[in-house]
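Next up: some structures, all given as structure tokens.
Paired with subunit B in one complex and with subunit C in the other, subunit A is shared by the two complexes that follow.
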Partner chain A sequence: MSDTSYIKRPNRPLQVYAVIFLVVLYTPVLFIPLFSFNDSIYVTFPLTGFTTKWYAELWTRAPVWNALMNSVKVGLSVAVLSTLLGVVAAKAITRHRLPGKSAVVTFIMMPLVIPGIIFGVALLVLMSRMGVSLSLYTVSIGHLIVCLPFAVATLLPRFEGFDPSMEEASADLGENGWWTFWRVTMPMVFPGVVASLMLTFTISFDEFIMAFFLTGTDPTLPMYIWGQLRFPQEFPSILALASLILFVSFFMVFLAQWLGRRGLDEDI
Partner chain B sequence: MLHRSDALRGYLLMSPTLLIMLVGIVAPFVILLTMSLWTRSGFEFDTTLTLANYERTWNEPIFGALLKRSFWISGVATAATVILCYPMAYYVAFHVHRNKMMWIILMTLPFWTSYLLRVFAWKVILGYEGVVNSGLIALGFIDEPLGFLLYSQEAVIITLAHAWAAFAILPMYVSLEKIDKSLLEAATDLGDGPAARFLRVTLPLSMPGIIAACFLIFIPTTGDYITPALLGGPDGVMIGNFIQLQFGPANNWPMGATLAIILMLWIAAIAAVFLFVTRLAARRVA
Partner chain C sequence: MTSSDAYISIRNVDKYFGTFQAIDDISMDIAEGEFFSLLGASGCGKTTLLRMLAGFESCSSGEIYIDGQPTSDIPPHRREVNMVFQSYAIFPHLNVADNIAYGLRKQKLPRAKRQEMIDEMLDLIALPGYGKRRANELSGGQRQRIALARALILRPKVLLLDEPLGALDKQLREQMQLELRALQRQVGITFVFVTHDQEEAMTLSDRIAVMAGGRVLQLDTPLGLYENPKSRDIANFIGNMNFFRGVVRRDGSREGAIDVEGLGVIPVPLEQLTRPDGAPVQVALRPEKFTITPDEPETAPRVAGKVRDSAYLGERSHFYIEIPDKEEPVAVSSPNLTRNDRKLAEARTGKPIWLSFSPESIVILDAE
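Entry: the complex of A and B
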């Protein structure tokens, strides 16, 4: 018996609560794939039969592919840009004595605590006053602002987590700043970089409210889904599309979180 | 001298990021603020600066009512989320010893996936012919669908609380995890039972996490658009839907800008009061 046993003692009711919590957290989303295989255009119990026709129908729809390509284009450019900017920001924050550092970090994190709709309309007003017509570029700018805080938040612990003396050692051994970055810093923070890329891609891929205000004629995937929600006969195909998106998102984020946290939390 | 050049190099490294944030945050807000002082005239803007829009929101009761309802809905959703998530954060911080990371990932995973689709899932569940109604009919509990499930404030509150759960868990978990366990032992040694120990040690020490969770949920949800649009119906319309209306069908951008600015000011005011009250309470406890 250790001396902390009364604190570590398992708490049965709390355990039950935790399990119920997780079930409730995941159940609503599971109804989407369940009904996407249901052979009826109505989303009602009892289930009528198993079918994959909604998926097959999705495959032949040109607008879906078009919206998918748009979302991938935006997602990839936003992921690369925000991670790049996140890396330099995290390096600057952790490796240099910045006066007013906490103010800078707070400023970068600001989009996290401002309602998305306010950002959306503010950027819309800016674009229209500058005479920029709405396109995938304006959507990307909106997504970049949303994703940057997440990129920095993912990368900062990585940069904080390793000893700057390794970089100093590399410098002492004659590497210049550029090569030190590529041969010492980068391999150390690499899992964080991959995690940031995947996380920001998923956020951009799933983002709705910015795209809602900043999309021109080319819809992203969430915008396409939004447009289809008006038509009840489209419900099953939307369920199929939503199931695919959810599956990919869950997979990407799981991998990103796992990579991002691995090696950081082991000391807890 | 050395420090100054180091700071300069640091800021030089930061400059692209800061520049983007300045262009993406500060510039839009300056223009939004300016536009809120304009008025609409036909399809054009009258750019003489005036407080006419602000006066209108003050004089017409619908704006105040919408704001009040938005704050009520997100306030209830925030309270529900924080209360329901606290035991979960507590469980993982104190009772999970192996695979802690897995638990954290499992709890936060849904948060990162499409908000639109998670709200859509609730529409599937609560709809007139949805999962709950058709399920209850199939089981023979009711003969007619329950109409009140969808298109109500309750539907919006349930969906918001569910959708933002992960955001509440993380900050509370972090502050619970940081608590020095020897303080709990000390409380026990000095004769506190489990309840007293929780109320006098754990709860006060986890307050920063609870406060952070409240902010992280209350602020974004007050301006939420998707949930009230899909599940709210006429009774569940929130200020975000009204702002969208001004930029969309109503085509009164200056009014929309005014509402966005007013929403920001109210959020800032509520946050300041909330912080002040919790600080005061913390001082009285200490």
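Entry: the complex of A and C
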């Protein structure tokens, strides 16, 4: 008998599989930062030399900044709204006797599996029928639908993970629902709220399909990138931009995951 | 007790969850300053009743009065009733002092006064200087005391305790029982205590309501429950009991009697014997009411038996004794007063022995 348990014993084939999995998944993505430092407008091997001029050029381009600001505006409002709705939904699901609870949860999670193009077309038809002109507001509505399931999925374990008698204890000690929420519920689920904000911001920031259907005259950053793909001379700058987005997204998602899980085990 | 001096008065209370009836027409009164226990197995409705007192569940019908006030329309946060939860529900994001002072927000006390009250509570629960500790640094017993302090600092009219000692190990539990009882005498607040542990209820309570199936089977002092159980269920739930079939004998004279299987005719004063001649009854006798002697005693009633099994438990020995005309053996508990008693326990298996008891120690119950 080895001194490690059956489950924890190292498993060679499994390790190899995991490595192959990650390599296949991320190698294509790694070409983007690689070519963003290449001193050529053509994305071909062999690499011709190291340069940061694409990043410098990006810095001076006004439409990029404009699109970035649009994406940040949409991302922030979508993050705040979807997290707010997510908190309300998670509290209702975990704390109240809700008829048809599992059906409600299924419907909330549905946008995860319904193709974005269907929601995009549906919203576009709805907006034009209602005579609403396309703008960043319509994009935000589309993003809200995409982000809400992620917000609920992040917050639900937080709400499930703490003893409902905490809230009862607060009521018992004289606090009404409002104060109980701010003095007990919110501090207990706070890491989940931060994680949800970061995750939904990232998703909104990177989202393309909804934006494609619902953008008016102000492009979001992915829409801007899409528009620039027609011009070969712009391509290296787009690679530079994509690399930056990639890096920030990775960072945000990792942070959100870490925050979401932190303290979940010890609190109870 | 009349309902005029009742501090908590529960009147014809029912509670339904859907079609399931958790509380079935309960009425009872609890006096001010009393240590009152709700005792029963899980699912008997004791916790539901406690949560109704706290305001977390409403009455389906009936009314609960606390200090003369009907409580139906008072939400939990406006009841002058506090609770110690089974899980303690100590807020993990606050330190000990902030946990204890949680309910003081609305009183808007000056900082010094607030601190004084916290320190007073920490002294009361024998954890002075623990104010800055975080909740997750505390042991189970310490959490339990913090939960007590957090409730008591508000000077509630009633303190509700939901199996607060259930999560503690045996030794700590016994220590906390004594502390809890002393604390209740010190603060003089009415305690309503929920437990499934009959020994715990006996140790702590002034009175106990034994519950099953949403009803109160018997409400009595620990002594009353033990010595005069009203039914076979109660007798079995509180301690151990031997049951014998019997028939009432009244021949018109001043003395009545019961003809008990295996034990013979036992004289019973007529005032205890409300049933007519020939009525079937059950006679119950606690194991420790028997005296075991190797030779035939002179006192009556007495019966000869044979030891089938015995167990030496240190301060006492248990015997299972076969007697003529009775199927199940009689359980007898005998104190080991001298060292020789132990030898008796060991040596007597399979040997004849004499049992005797006082006629006053029998309990007469309805026949099954």
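Here is the rule we use: the second predicted complex is superposed on the first by the 253 of 268 C-alpha atoms of A that agree within 3 Å, B and C clash if a C-alpha of one lies under 4 Å from a C-alpha of the other, contacts with A are read in each partner's own complex, and residues count from 1 in each chain.
Convention: a contact is a pair of C-beta atoms (placed from the backbone, for glycine too) under 8 Å apart; a residue touches a chain by one contact, two chains touch by 3 or more.
Just so it is clear, the structure is predicted and the values come from calculations on it, not from any experiment.
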Superposition on subunit A - do subunit B and subunit C clash or fit: fit
Check whether A:Leu123 is in contact with subunit B, with subunit C, with both or with neither, and answer first, second, both or neither. first
Scan A:Gly216 for contacts with subunit B and subunit C and give back first, second, both or neither. neither
On subunit A, which partner's contacts cover more residues, subunit B's or subunit C's? B
First (subunit B), second (subunit C), both or neither touched by A:Pro157: neither
Taking the C-alpha centre of subunit A as the vertex, compute the angle to the C-alpha centres of subunit B and subunit C, in steps of 10 degrees. 100
Give one of first, second, both or neither to describe whether A:Val184 is in contact with subunit B, with subunit C, with both, or with none. second
Is A:Ala171 contacted by the first partner subunit B, the second partner subunit C, both or neither? second
Report the closest approach of subunit B and subunit C over their C-alpha atoms in the superposed model, as a whole number of Å. 6
Mind sorting out which residues of subunit A both subunit B and subunit C touch, each in its own complex? none
Footprint of subunit B on subunit A - complex, ascending: 3-4, 6-8, 10-11, 14-15, 17-18, 21-22, 24-26, 28-29, 31-32, 35, 42-46, 85-86, 88-89, 91-93, 95-99, 104, 107-108, 110-119, 121-126, 129, 141, 144-145, 148, 152, 199, 202-203, 206, 208-209, 212-213, 222, 225-226, 229, 238-239, 242, 245-246, 249-250, 253-254, 257-258, 261-262, 265, 268
Per the contact definition, I'd like the list of subunit A residues that touch subunit C in the complex. 163, 165-166, 168-176, 179-180, 183-184, 187-188, 266-267
Residue positions on subunit C within touch of subunit A in the complex are 54, 56, 75-78, 81-83, 85-87, 89, 91-93, 102-103, 105-106, 136, 150-151, 154
Residues of subunit B that touch subunit A when the two form their complex: 3, 6-7, 9-11, 13-14, 16-18, 20-21, 24-25, 27-29, 31-32, 35, 84, 87-88, 90-92, 94-95, 97, 100-101, 104-110, 112-118, 120-122, 124-125, 127, 129-131, 133-135, 137-138, 162, 165, 177, 181, 184-185, 188, 215-216, 219-226, 230, 240, 243-244, 247, 253, 256-257, 260, 263-264, 267
